[in-house]
Each structure stands twice: as C-alpha cells, then as structure tokens.
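Next up, some structures in structure tokens.
Next come two complexes built around chain A: one with chain B, the other with chain C.
Right, the complex of A and B next:
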C-alpha cells in the first residue's frame, strides 16, 4: 500500500477556524481521533562491529565487505505499534450513522463521554517507508498496516529483533473527502514506562487534556493523505497526486500544504557502530 | 587544434541567448516608438531603457568572464561544410574584421566615452551646480521649519484630527504644540510658493502618509512570524513522530 501525503501546520489560534473550514469543505463533522503510538527500533545486527570501517588509512572498503555491510544495514526501520482508541460502543450504533451524524455536536459529546468512561484500544503494527526521493509534488511512501488482535505484541516484536523506544499520543480530528483523509492533529507526550505496561496502560485517557504537548505553542499539524493499494500503478498514482494538488489549491487560503521533508520522515535507523562510541 | 570544451560551448551559447534577449528588447523599444502615435509614457520608456541596460550589463560581464576563451577561439570551416551554397554564412563567420558600419559605431562609442574626459559635456554646468548648492540648504531649512520636531504626529495629521491616525503603537504619543500664527504663516507661504515647491510638498506628504500606514502593517505582519517562531517546525514534529524522541 502506498501513502500519498501533504503536510501543513495550523497554529493554535487558527485551529478552530481550520476545523470549521474543513468541516465545510468536506461536508462532515470532525471525527475525534486518539492514537497511542509505541515506537520500536531494530537492534543493530551483532556482526556489524566486526566489519572493517571505511575511511582512514584503509581507504576504500573491499567490495564484498561493502556488500555485507549494506546487507546488514538494509531493513533497519523504525516500527510503530499504533493503538487507535475506539469509544466503547456496540457496533450497531456506529453503523447507524444517519441519525447520529446529523446531530454533530450531540454525537460529539457522547463519544467523548464514552471515551472517558471506558476505552478499547485497537492495535495495529505500522510500517512506513522513507518517502520516495526526488522532487515530487506530494510525498509518496510505502506503508503497511497489520492489525494486531491478540497475543503478546512486545514479545513478538522482541523476537523479531525490535526493542521499545518510547511512546506518545496523537490527538486530533479526522475528515474524509472522497479518497482523501484530512487529519488535524497534535502530539502529546506520555510518561515513559516499560513496553509491557505501555501496551496495556490506558489510565491517561480520561484526562487527555492535561497531558503535556510536544509543541509548547499548542500548534497543530495537518496531514492530507490518500492510501493507494497499488501505488505502483501509474494511473492511480497520477490520480492521487492530482486529487491532493487540487485539495492543496482549494485550501490555499486556509493552510499551506507541502510535501514533507524527506529527511525528517526518514524511518531508517542510523547504524552506529558501538566500537566507535 | 583541440575541440571546444563543454564549458566554452555553454558560454558561447549563453552569450548568444543574451544577445538574442538584447535584440528582442531593442526591437520592442523601436516598435513601441514607431507604432504608438503619442509617444509611449515616460515610465514605459524608462522600463525599456532599464531592460536594455540590464541586458547590456549581463552581456558585458559574460564577455569579460570568458574573455580569454573567446579571444583565443578561431572558427575554421570543416571540409564537409557546404561552402558554395552557404557562402554568405561562411564569409560572415570567417570574417575577422568588423563590418564597416559596425566599425563606425565602435568609433562613435569610443568618442562618447572620451568626451567627458575632455570636459565637453557634463550633467550640469559649474554655474548651475553652485546655484543648486546655494539653493539647497535654504530649501531644506524651509521644509524643516514647517514641522514641529520632537512630536510624534505631523502638523497635517493634527489638522485632520489625531484620533483618526492609526499608528498601532501603545505608548503615549507626543502631539505637536499648537501655534495658530505659525500655521497661518505656513498657509500663506503655501499660496506664494511656485509649482516646483508645491510638488515637493506633495512628495513630502506622501512620505508621511506611507510612514503612518506602514506602522500598523508592520505590526500585523510581525505577529504571525512570532507565532510561527513559537510553533515547532513541521520537521521536528515529524522527526519526533518517526523516531519517538
């Protein structure tokens, strides 16, 4: 699956106005979204340190050594366990959206309240590749999302060679327009605890508003994205790009949407040799 | 003889492009002058002149930059060049001397550059220049006397009512002291002054107006900059979201 995306920023003062504009543009009420992100990082392959390093007096590395090194380095990507907090409601009422949706505000309050009372977390394992290189009108990258329903996630990842780094929480509002998802969100910090607890811990959910923000100014980030199942299909790719650019043009006055900075969206883990440290 | 380096070819090509641009702008100026029955407006002519002088400037820098390459480059015909059919272009390319009329232009241009050194012609004659210098201090003084210095409003703003002036400033503003006599004197002078000074007055008023307008404009502009400065950059947010720290 490929994700085509544009990113922008909304300051705190403009947040409410932007939500209203997006609600008008997409003809829907914002859907409150809360996501818990647990970041995992692969362990450096053990053999890497035994390889001779480049540079210095040794000059150019031997070709086979270089090959080995790229083989070991390849595939070292950050992984995330994303837990979407779903309001604990029977499925039936969710599908019965005609009544609930038309009364936007009421629905809102209700879902907030039920989230406060008891929340279920729907976990999935997210992999996002580094955006494709080159000057592109929109950020394109390979993504994969596997829903995790049961089992010991941490042990599972541990056996794969991934270790827990940290966790944070993303809160915001989602809008949908045709194929496009518009997600206005901000990142909140969570206290760092061990991985096992992090999966189970939902104690902070009732008082989300009290969590410290990553961005002290209270600004929001906006992401407009389209997921394409077959991202290599040039026709679909073209269509997604066109849709996003049309959206960018439509929202030009409200928010500036640009392709993301590839370097900061880089999910590869920089390999550092423990020997040099 | 070695072939031209790619750099040199590119330099030649660039020179050609710029000469072409100069040619186009010259033609545009000529056609404007020839076709428009009242001559084109002063600003339009000025734009043309600017464009042409910019073009000339770039060509001069380009030529001096690659002077060595251009001077040492020689054109010679290859055996497979159709010399008979294209004899005109061949002769043009192989000609080392300038055309007679071009040579006349060059001579003319050299004469023009020499002239100021001979003292033939200057912008202003000495007498005019000294007259200008004599006039200037008095005129500046006269302008200065029209205002009450040290206050934050001009007399003109005061006449119109200071509450209407949008400054965007929060501090206490000093208003100029009121002197009826002075103002009357000023008004009389206004009537007496001739065209030129009137124009100057207008200029001055414009300056003051724009000044009072830019202050609130600057205020609103600086606000979003401050806000975005407070806001974390998108890059660092993304960085945190991907790496978790």
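Right, the complex of A and C next:
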C-alpha cells in the first residue's frame, strides 16, 4: 500500500476556524481521534562492528566492506505500534447532532468522559518507508498497516529484533472527503515507562488536556493523505495526485499544503558505529 | 501586542487651523484682504484708525498664533523660529527674484526710449538680447455696439440656461435610476433573506462570485441527484427573485402505489397531489415542488436499481413501474407517472388502503434512512484507492417492505391455522391455548443481521413474530416466525422451542413452510394429549388388583401414534387411539378382545361441538369433554 500525502501547518489561533472550514468542505463533522504511538527500533546486526571501518590504504578491500555494510544496514527502519482509542458508543450518537461541532475545550471534555469508562484501544503495527526521492508534487511513500488484535505485542516485536524506545500520543480531528483523509493533529508527550506497561497503560486518557505538548506554540499539523493499493500503478498514482492537488487548490485560502520534507520524514535508523578506535 | 490589536474609536484631532506655514498664511491674508499690491499706506492707516473690525479680526488670529507657543519649551520655540526665519528668507529671495525679473522686463521694454533704463538691465539680459529690441504700443479699446452686447449677453445666458437644464435632467434621471435600483436590490435581498429565514440554504458559487444559488436537494443522495439539487437565483426586472428557467420545466412525475388483488386494482395511494395553480407560485412553493419531484425521481431510480437485483424474488421492472408480488394474488405496483388513475374497485372492508399508504410512506422514510446511512459511511475511513471504482450499494427499500408484507401475510395464515387447531381443544375442555406473543426471546438467536443505528433500524432487522402454546401440566412451547429477504433466510422460517414429554423430547425444530410448522404443532399437541391421558390413566390404574384378581390395566403402546392398549393378563383386549386432525380431535376405542364381538366407539370434537359414534349410531353430545370421555371409555372397558 502507498500513501500520497501533503502537509501543512495550522496555528493555534487558526485551529478552530480551520476545523470549521474543513467541516464545511467535507460536509461532515470532525471525527475526534486519539492515537497512542509506541516507537520500536531494530537492533543492529551483531557482527556489524567487527567489520573494518573506513580508512586504511586497501582501496579494493574497502569497496567490498562498504557494500557489505550497506547491505547489513539497509532496511533498518523504525516501526511503530499505533493504538487508536475507540470512542464509546454514546459519544458516536452524540456526533450525529448538529451541535457536535464544538470548540477545542468541548472536545476534550467529551474525551474526558469517554475515557472514564473503559476505553478500548485498537492496535496496529505501522511501517512507513522514507518518501520517494525526486521533485514530486506530493509525497509518496510505501506504508503497511497490520492490525494486531491479540497476543503479547512486545514479545512478538522483541523476537522480531525490535526493541521499545519511547511513546507519544497524537490527538486531533479527522475528516474524510472521497478517498482523502484530512487529519488535523498535534503531538503530546507521554511519560516514558517500560514497554509492557506502555501497551496496557491508558491511565492518561482521562486528562489528555493536561499532557505537555511537543510543540509549545500549540500549533497543529494538517496531513491530507490518500491510501492507494498499488502506488506504482501509473493510473492510480495520477488519480491520487490529481485529487490531492485539487484539494490543495480548494483549500488554498485556508491552509497551505505542500509535500513534506523528505529527510524529516525519514524513518531509517541512522547508520552509526558504536565501535571507537 | 494587545494594544496594537485594539482599534481606537476616537477621531484624531484635526490639524491646527492656524498653520505655521508661511505660504498658507499669505494665502489666507490674500483671501481676506485682497492682494498685497492693493495695500497702500493710506489704506493701512485708514484701517488702523477707523475700521476697527478689520483690525479686531486680525487680533485673535495673532493670539492664536501666540498661544501654542507658550506651551513650547524654549528649545523647541527656537527651532521653530529658526525654521520660520529660513522659510521667510527663502520666500524673500523668491520675491526678489521675481522683482528683478519684472525690472529686467520693464527695462528692456523702455530701453528703446530711455538710455538710463539700459543700465538697469541685468548683464545676463544684455548679453542675450540687444537693447531696444522690444517695443510696446497701446491699443485703444474698441467699444462694442449695444445691440451686439445685448446679443452676446442673451446668447451666453441662453447657453448657460440650456446647460443647466440638461444637467438637471441628467441628474434627475440618474437619481430616479438609483432609486429604482435601490428598490430592486432591496426587494431581491429581502426575498433572499425570506428564503434563508424559511430554512433554505442559500449560498454563493465558488466559481462565480456574483451568482447566488439555493440548495433544495438532499446532500447525501447519489451524486447525480445531489448535484441537481441546486438552482441559481436570478433577479427579475422588478427585483423579485426568480429561479433559473431550465430546472423548472421538467415534468413533474410522482410515485403512486397501487394494490391489486387478482388483477383488480383495489387501492391507490399517492404522497401528496400538488395543485397546479394558474397564478405564479411563490418562490418557496416552487422550491418545495422541485425538491419533491427530485426526491420522487430519486426514489424511483433507487427502487428500480434495487428491483433489478431482486428479480429472483418476484419483482418485475418495467419502464415506468415496478411490480412486487407479495403473495399469491396480491400485487403491489409502484408507478412513476405524471397523472395517476386513481379510481379503483375498493372493497370496503379490506385494509388495502392502509397497505398502500404504508408502502408509500415507508419507501420515502427508508430513502431518508439510506441517506443518513450514507452520511455515516462517509464519516468513516475510506478504504484504500483501487483501480476498480466502488459502486454505491443498492439501498434496501423494497426488500424491507416486501419482507414486512410477506411476513404479515405469512403470520396471518399461520395464526389462522393455529386458531383452527386450538378450537377443538377448547370445545373438548382441555387446557391448551395458543396466544400471540410479542417477542420470542430465545428463538432465532443465530439470526443476527448487522445493521447500523439509523432512524429505522428496527425495520432493517428481520421481521419476527411469535406465539406461545400453553400445554397441559404447565408445559409451554414457543413458536417463532422470522422473515427476511436476504441472507441467511431468503424468506420465512419457523422455529419451535424444545418441549419434554417424559416419554419423548422434542428439540428445537426449524420449518421452512407454514404447513410444516402447523403439522409440527399438531404433532406436539398430540403428544401433549397422550401425556395428558397417560396421567389420567395412571390415576385410574391405582386401585386395580385388590378385588378382581387378574386385572385389566391401560398401557401406553405407541406414543407417537397416540395409541393405548388395555391389557388383561398381558394380553391386549382393547385399544384406544387419540388423533389430532387439522380441525378436530378424536378418540377411537376398539375392542379387540377374542371372546366378544369387536366394538367401536369414536369420540370427535370439532369447533362446533362433540359427537359420539357408537357402532353405527351417531349422537351429538355437546357437553361431554375430553376427560369425561376418557372416563367413560375406561369405565366401560375396565
């Protein structure tokens, strides 16, 4: 599956207005979304440090070593375990009413109440590639989303060679228009705890408003994305790009949507050598 | 930051009228007193001496000039003074330049006659022009004749008058045009405000900022209908709002519902007949009309779309009608036409009118529910984009209606059969009854159809009905009936709850037809009767052996056939058979003993009464009930 995306920024003051505009544009109420993200990092292959590092006079030897090194290091990507907090049923029916388009405080109050009852979390394993290189009108990257329903996720990932690094939470509102998902969100920081607890811990959900923001200005990021079954298919690629660019044009007055910076969307583990000489 | 945001409503003070600018002051003086060249010493002296107002008039101005100076710091004052001085010097040098130019000119002019004038010429002029090259001559003024003067005066006056007149005409036409325009605009916007107030959504077009349109369609209908639900509002000559012409001229078609039995139309229902008025309708009425006809059109379109996939269930599609086969003989036609033929052969006591109304109203409500479901679906994450376009699924409209109509017909038939079954039991005085029951809780647990929580979610579920069969000895049984025209049922199904009779246990049973279900109930009733008789027999069998040595006793032989035998020292001498028939129950007793002649006795209970057939004689015995009959048989046989 491929993801075509455009990104933009919404300042704190503009947030409510943007939500209103998007609600009008997509003819639907915003869908409040809370996602817990657990970041997992792959362990570097054990023997990597034993390879001779760069330098030295044997140029021929070095080429082979370099090749081997890139082969071993390639495909080391961060993985994320994303847990979507499923809103409770009564909240869903409330959204049908016209007054559901409330401001930020009201939304949080709703999520407060829903979290008091037992909130369910839907986990999925997310892999995102680095966006494709080259100057392109929209960011394209390979993504994979596997829903995880049962089992010990941490042990599973551990056996796969991934270890837990940290966690954070993403809150925001989603809109859907045809195939496009518009997600206005911001990142909140969570206290760091051990991996096993992180999967089970939902104690912070009742007071989401009190969590510290990653971006101190309180700004939001807007992501317009289309998931495509096969992004290499030229027809689908063209259709998705066209749809996103049309959206960009339509929302030109409200928010500036641009392809993301490729390097800042990089999900690879940086190649580092722990061995010091 | 906060200060910069607030906008002060104070009007900024006007610039000081007593401007310090020398040029302005000079101009003021010129305006008040005339040119400086008219100022003579005498006039000034006269002014000082006699004309007080002039001098007084000057004083306050002077005061005004002084007053602000008092507020100033000495440094500022000095600066201002220096500035004024510089300005004054500049002016003076300018004036000097002018004067020298004038002197040059005059000198050049008179240099021809007077030599000393040549000396007053500037050297630059002397170089440029030789002296005495300019001469002057005074031309005598030629007096115009009075007639010419008069003519000229009247011509100029007439000219001025004509121009005034034309200007006044132009101005008055402009003002009247503006007035009409203002009225038009007022009228237009007032009407648009009325439209908004009465609930229509009025908006501008993103592409054409001048055009204004009104949304009268349904935002969640299929795209081809959603896009048509918008009309531009134009302005008529008198300012009234009119709708764009072309959507109005569509033909108004409506969906009418006919119910026919045995090819005779028995009922008709139409949502609301619009009265075609001769006089122009109001804009709101026009919009309502357009909305209704759009809705009707969409409804018929969706009904046709659904009818195509339901062709296997007795639904026929024609160009402008869809026929639904409810049950044998009963048919519902949905006809989409401009004019409906509303005369039908109505039978007074039938509820076909209610059926027609139900179908018409339910179809419209279901389409609204489908719209609501569309919104719910749209508010969920879309699946990834694929090459195949995702078709809009057919709405469940006539499926649900047919489900309920067929369910009703099925339930009516079933209930009638059940009542027929129960009547003989009532006559026979056996405590067996069949009563309808609202919900059959534990039946059809397997039948779960997922549905979204919309307005009419009750109607999306399979239609269910049930009845409770109370048997003797406190035994009860539930019978459920469910109808659904989709997977997994595709029709009707019956379920009966388990019953235990001691000698026989009936598990949960499922039946596909009404006949099978009724015969199953009959069977259960038979088993119940057998169980009932068995308990009676046990009571009677207690005192047998004490006096009459080898005794006779009754024994249950074939419970499923309802057969008891009477044994005399392990030999069957008589047999009693109980049967439950569709409209009657009977006991047949026969003597199969070896010695005596065979003898038959048949008791029969129907809904009307009881008959006893003894050999060849048939007697009607109204008051005998089942238990008494059993007693008699047992007494006679024992």
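Basically, the second predicted complex is superposed on the first by the 241 of 277 C-alpha atoms of A that agree within 3 Å, B and C clash if a C-alpha of one lies under 4 Å from a C-alpha of the other, contacts with A are read in each partner's own complex, and residues count from 1 in each chain.
Quick note on the criterion: contacts are C-beta pairs under 8 Å (C-beta built on N, C-alpha and C of every residue); 3 or more make two chains touch, one makes a residue touch a chain.
Predicted model, so just to flag it, every value in this text is computed and none were measured.
Participant: Kindly classify A:13 by the partners it touches after superposition: chain B alone (first), chain C alone (second), both, or neither?
Facilitator: Only chain B; A:13 stays clear of chain C.
Participant: Looking at A:217 after the superposition, I want to know if it touches chain B, chain C, both of them or none. Which is it: first, second, both, neither?
Facilitator: first
Participant: Once chain A of both complexes is superposed, is A:228 in touch with chain B (first), chain C (second), both, or neither?
Facilitator: The second partner, chain C, only.
Participant: Report for A:266: first if it touches chain B alone, second if chain C alone, otherwise both or neither.
Facilitator: first
Participant: Taking the superposition on A as described, I'd like to know which of chain B and chain C A:146 touches: first, second, both or neither.
Facilitator: A:146 contacts neither chain B nor chain C.
Participant: Scan A:167 for contacts with chain B and chain C and give back first, second, both or neither.
Facilitator: In the superposed model, A:167 contacts chain B only, not chain C.
Participant: According to the contact criterion defined above, which of chain B and chain C contacts more residues of chain A?
Facilitator: B
Participant: Once chain A of both complexes is superposed, is A:239 in touch with chain B (first), chain C (second), both, or neither?
Facilitator: Touch status of A:239: second partner only.
Participant: So, does A:39 touch the first partner chain B, the second partner chain C, both, or neither?
Facilitator: A:39 contacts chain B only, not chain C.
Participant: Mind listing the chain A positions that touch chain B in their complex?
Facilitator: 7-9, 11, 13, 37, 39, 41, 78, 80, 128, 165-168, 170, 187, 214-217, 219, 221, 260-261, 263-267
Participant: With touch defined as at the start, can you tell me which chain A residues reach chain C in the complex?
Facilitator: 1, 27-29, 31, 93, 95, 174, 176, 178-181, 226-229, 233, 235-236, 239-240
Participant: Which chain C residues qualify as touching chain A in the complex?
Facilitator: Against chain A, the touching part of chain C is residues 219, 375, 378-387, 453.
Participant: Mind pulling up the chain B residues that touch chain A in the complex?
Facilitator: Touch residues, chain B against chain A: 224, 227-228, 230-232, 234-245.
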